[in-house]
Amino acid sequence: MINVYEPHEWKHGTVVAGVPWKNPVGTASGTFQLAAVRDYYDVSQMGAISTKGVSPIPWEGNPSPRCAESPAANVNAVGLQNPGVDHYLVDDLPKLKAMGATVITNVAGHSDDDYAQVVTKLASHASDMLEINVSCPNVSHGGMSVGTDPVALYKLIAHLRTLTDKPMIVKLSPNVTDIVSVAKAAVDGGADALSMINTLVGMRFDTRTGKPIIANRTGGVSGPALLPIALGFVWRVRQALPDIPIIGIGGVDSGLKALEFLYAGANAVEVGSAALFDPIAPLRIARELDDLLDTRPQLANLLAEGKTWK
Amino acid sequence: MTASTPVSQPMDTTLQADTTLLGDVPPIVQYALQAGFKAPRHEVRVHHVQPLTDGVIEFAIIDPYIARHAQAGQFINLYSHDDMRLMPRPFGVAQVQGDVVSVIFAVVGEGTEEFSHMRQGDTIDVLGPLGKPYAIDMPAHYVLVGGGLGVPPLIRTAQLLRQQHAEHTSTDTASRSVTTAVLGYRNVHFADSMMQAYADQTLSIDDSQGNVIDVLQHDIAQHITVVTSDERGSGHMAVDEQGLPYVLLSCGPHGMMKAVAHWAAEHHMQCQLSLEQRMGCGYGTCVVCTVDTARGRLKVCNDGPVFTREELGWN
Amino acid sequence: MINVYEPHEWKHGTVVAGVPWKNPVGTASGTFQLAAVRDYYDVSQMGAISTKGVSPIPWEGNPSPRCAESPAANVNAVGLQNPGVDHYLVDDLPKLKAMGATVITNVAGHSDDDYAQVVTKLASHASDMLEINVSCPNVSHGGMSVGTDPVALYKLIAHLRTLTDKPMIVKLSPNVTDIVSVAKAAVDGGADALSMINTLVGMRFDTRTGKPIIANRTGGVSGPALLPIALGFVWRVRQALPDIPIIGIGGVDSGLKALEFLYAGANAVEVGSAALFDPIAPLRIARELDDLLDTRPQLANLLAEGKTWK
Amino acid sequence: MTASTPVSQPMDTTLQADTTLLGDVPPIVQYALQAGFKAPRHEVRVHHVQPLTDGVIEFAIIDPYIARHAQAGQFINLYSHDDMRLMPRPFGVAQVQGDVVSVIFAVVGEGTEEFSHMRQGDTIDVLGPLGKPYAIDMPAHYVLVGGGLGVPPLIRTAQLLRQQHAEHTSTDTASRSVTTAVLGYRNVHFADSMMQAYADQTLSIDDSQGNVIDVLQHDIAQHITVVTSDERGSGHMAVDEQGLPYVLLSCGPHGMMKAVAHWAAEHHMQCQLSLEQRMGCGYGTCVVCTVDTARGRLKVCNDGPVFTREELGWN
């Protein structure tokens, strides 16, 4: 068993869109709240921390219940509850930077203007990267709809590009017919990297009442069940776009599964649901991967240079 | 690129002292404590599993860490062995005896079904203790109002009140708290004997006889004196015959707790209520478990599960 | 434990697009080979039998290996290997009918003309229903591509409609941005019912070699992992199309999960992967559902009339 | 709509007779047999789990049904307790002793890892016996050529040949078959002692010494006489010194079997080979496990796993 608390000299760091990561494993947006997680491990040890989606004003999210269980998965409909960008800029962001974390600010919006406001406010602050979430299935406007329409997405990203010099990751939705055209639109618009996948739309029913378990009715499916689907998306985009940095997300709960994403063509991964089931899972996975890469020098060398591979 | 940063310490400095358990807990917990962090999810042994009544199980694990830390009304997450069921199953800590921590649950679904078939010596994963506890520091007459599977965390609360009692007894008799338990059941009074071990008085009722409000009305109301609380300037305050302020702590079905909060408001009692909500993580990282309060949408798992009547706006 | 071998008087039959089913549980295409299954249980007891996809000429499918495991799922790339419609008409079909089974012939094609040939040949034979598979992710032409384009799908179904009077089910792909527009295209083209979902595209990698496990590289994900996703698709289509019969497919491995599909708005279900892991699973599920419906008379009454509900 | 149809009988009439096991097998198997069907997936107890050498495990279950039915070269599916791992794990039956059925496997992944930690009395789900067996009815000199984890199903084959031998011995000495085992290992000769219990002769070799072709060449070739087989009109046929026709049965790594098939062809021996392929179901319903043969793409699980050299076109 790995002791994640013992000081560790990371052996296999990487560079994503020019930003150095201590290791190729980040936390996934919406599954990391600093105030809760900092009591469990030194979060600055992660490759990067992707924050909860940040909106221009505080959002209260969806009514409860917000989640349901499913085989090897959970279904959630938080609806991007967050205290807004102003709060974020004086609270989580400075705290994370003070701890030495590499920070990815996940940006949420109901409209192009929402995204623009948040990106503008962040431009002059210490966030290392931005992750534009155009793929949340749990908000009624914006969110996923932008992420499923290449034309709208191109327009949005091209506009945001004019507002910031920060490395900009676009987080893609799996709820699409043709991921490659969406990915290309994001890259053409000026994305520096892609992260994928966000959750798949899904739901469960209470077999006593016959009603949906989640108040919002549908939610987003995450967890190990997503793994093969997410790998398929990453691989297909990597075939089409050999050079864009890709962060693989979906069902990573071990170093071996993180490794699968690297083989699929990802430059790094983010860990979501696994952290819900054990607070220290992201760091454990980072450590497992660090050891697995010892025996794969070729892959480790490419990673160290922040290159992609096929 | 190679980076190295020494493991930094968490902000919560109260965690740092506790390195006394190092010998008794699983290595991962030892490492966490040594580094000054909370225990992560860890594997423990089952001590016993015992049916209390039809479909209600007392489930006990050996866990010195949780035993030492579980405060009033806190809960723990249990996890299934079957990865088809990844989500946490939260249960209020019901009792601590030495290193043995017990919870009491109803078999309602797949997870509780699985746990109910476990036996002494089996292993199970656990995280906790979790959640904001009942505030029981103030000397008071605590009225513990529990309904059904809301009773267990109140047993632990009574146990802690009894411990405070024992610690205070020699030095400061004036500030001793008093505990009255008011318990409502569907039928079998499965938790009375446990509660009696700790509470000064245990009153209980089942659906065939009435409900907890009947008990409060019949057995508590007459002992209340309402005084003017100058100190706080908050107007009226209910005290008992010894002059101890009444504080009502409740856990149980939503409807019962609303009625209890209402009754407490009418009788000028402070009132703290412990809520349930479906949870994604149980420790505050996913924002799945919210409840609407006067302070906005808060997380049941670590802004609660205990909220005051005022926070909930239950008047 | 239910004894699936004991003679059973079905309590809760249904009617799908005018065709009576003994119970609302069928087998899903590609997971039922008569020659193998008949040794394990009386297949005529199923609500319906959906056969392996039938093509105009014999197809040899994809190279091996054709499957990989994944959490609560399997990934397969059989590629519709089958001996062709002529063989089917003299072998499986007459045998199934002789046994008293309600038969759904699953129709496969690489082109509109392929589908038309098979439908034409079947028009005069004893198959009770046709299930047009426009959603197989494992063939390079036709297959899924038709099922993700509403315009092409409408055209295909409208043409097939002229070739047969048999009740025609169109089997939808989950690999789409907007299932409702695809579903509407199928119904407008003349579909009598919809079945959903086919598999989601996915893949796994061998962490020793770094290569995809499946020879075809990507495959289709099936099994319990699909459940919430499939329920979400059925529910959304049912909201949009209140009257079309829907057969729910994806991750059904118990009577309770079949029941969830009925609550989501399905008229019946098909069981796929569960049969791979236990030959008698489909019949067990049918029996479990038959008992569960006893305590849900309202639902059972609607089912008996072949109605849909919301 | 209500429909009722009596349970019809399966086509395979050989199944119908076997209702003698009714008392010893799980209810679901009893019911299946009574109704004239094959046993579905069912739960049995583990009899023992024993390491034979590093990472190679003998795993035995108590299963009277499989014990009675397992033919030469057939396999069984074992299933994980963890529903994250739904797929079947196929293993050749290695030995049957009374009601105890054993397989021998290498720990290579998650499933075999899990099984290797099981203990006597644990439960496990199983399906089988599965697959088309080696044809061993003809009196012959059977040369069983196994490599590594391909050896186990050949042990069962030798066991059945020995049983035939015992049954024939009193009446018909002329038609007694002879069994020579030729086994190749990476290092430890873990299965020799088991094979010796049944085979007339057991020759083995490991990678440091050479390979099975070396053994065939050195110890078998010189005993071969090639005769003209008029009866079949198929030209040449290898027979041993007693005039028994040689039949080569092989199971092992792909490369080894190809070499063996080639050697058999050169020496005019009949040759049957048992293949491996990733499986979705193991019983013939998913068409996942194919191999390309002279008769087209066939299913390893129930068109095989045993194929003749001619079917595979391995010349």
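We just call them A, B, C and D in the order they show up, numbering each chain from 1.
Rule of thumb we're sticking to: contacts are C-beta pairs under 8 Å (C-beta built on N, C-alpha and C of every residue); 3 or more make two chains touch, one makes a residue touch a chain.
A quick note: this is a predicted structure, and the numbers were derived from the prediction, not measured.
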item	value
Comparison of B-D and A-D (more C-beta pairs in contact)	B-D
Farthest-lying chain, centroid of Cα atoms versus that of chain A	D
Centre distance in Å when chain B and chain C are each reduced to the mean of their C-alpha atoms	49
Computed distance of Cα centres, chain C from chain A, in Å	34
Rounded Å distance between chain B and chain D, as computed from the means of their C-alpha atoms	59
Two or more partner chains touched - positions in chain C	68, 71-73, 224
Junction residues of chain D - those touching two or more other chains	83-84
Chain-level touch network, classified as line, ring, star, complete or other	complete
Footprint of chain D on chain A - complex, ascending	71-72, 224
In the complex, chain D residues that touch chain B	81-84
Touch list for chain A against partner chain B, complex	1, 3-11, 13-15, 20-22, 30-33, 35-42, 44-45, 52, 60-61, 64-69, 71-74, 76, 78, 81, 99-100, 213, 223-224, 273, 275-280, 304
In the complex with chain A, residue positions of chain C that touch it	68, 70-73, 75, 148, 175-178, 200-205, 207, 210-212, 217-218, 221, 224-229, 231-232, 235-236, 251, 256, 259-260, 263-264, 292, 296, 299
Chain D residues touching chain C - in the complex, by the definition given at the top	1-8, 10-12, 15, 27-28, 31-32, 34-35, 37-38, 40-41, 79, 83-88, 127, 277-281, 283-291, 296-297, 302
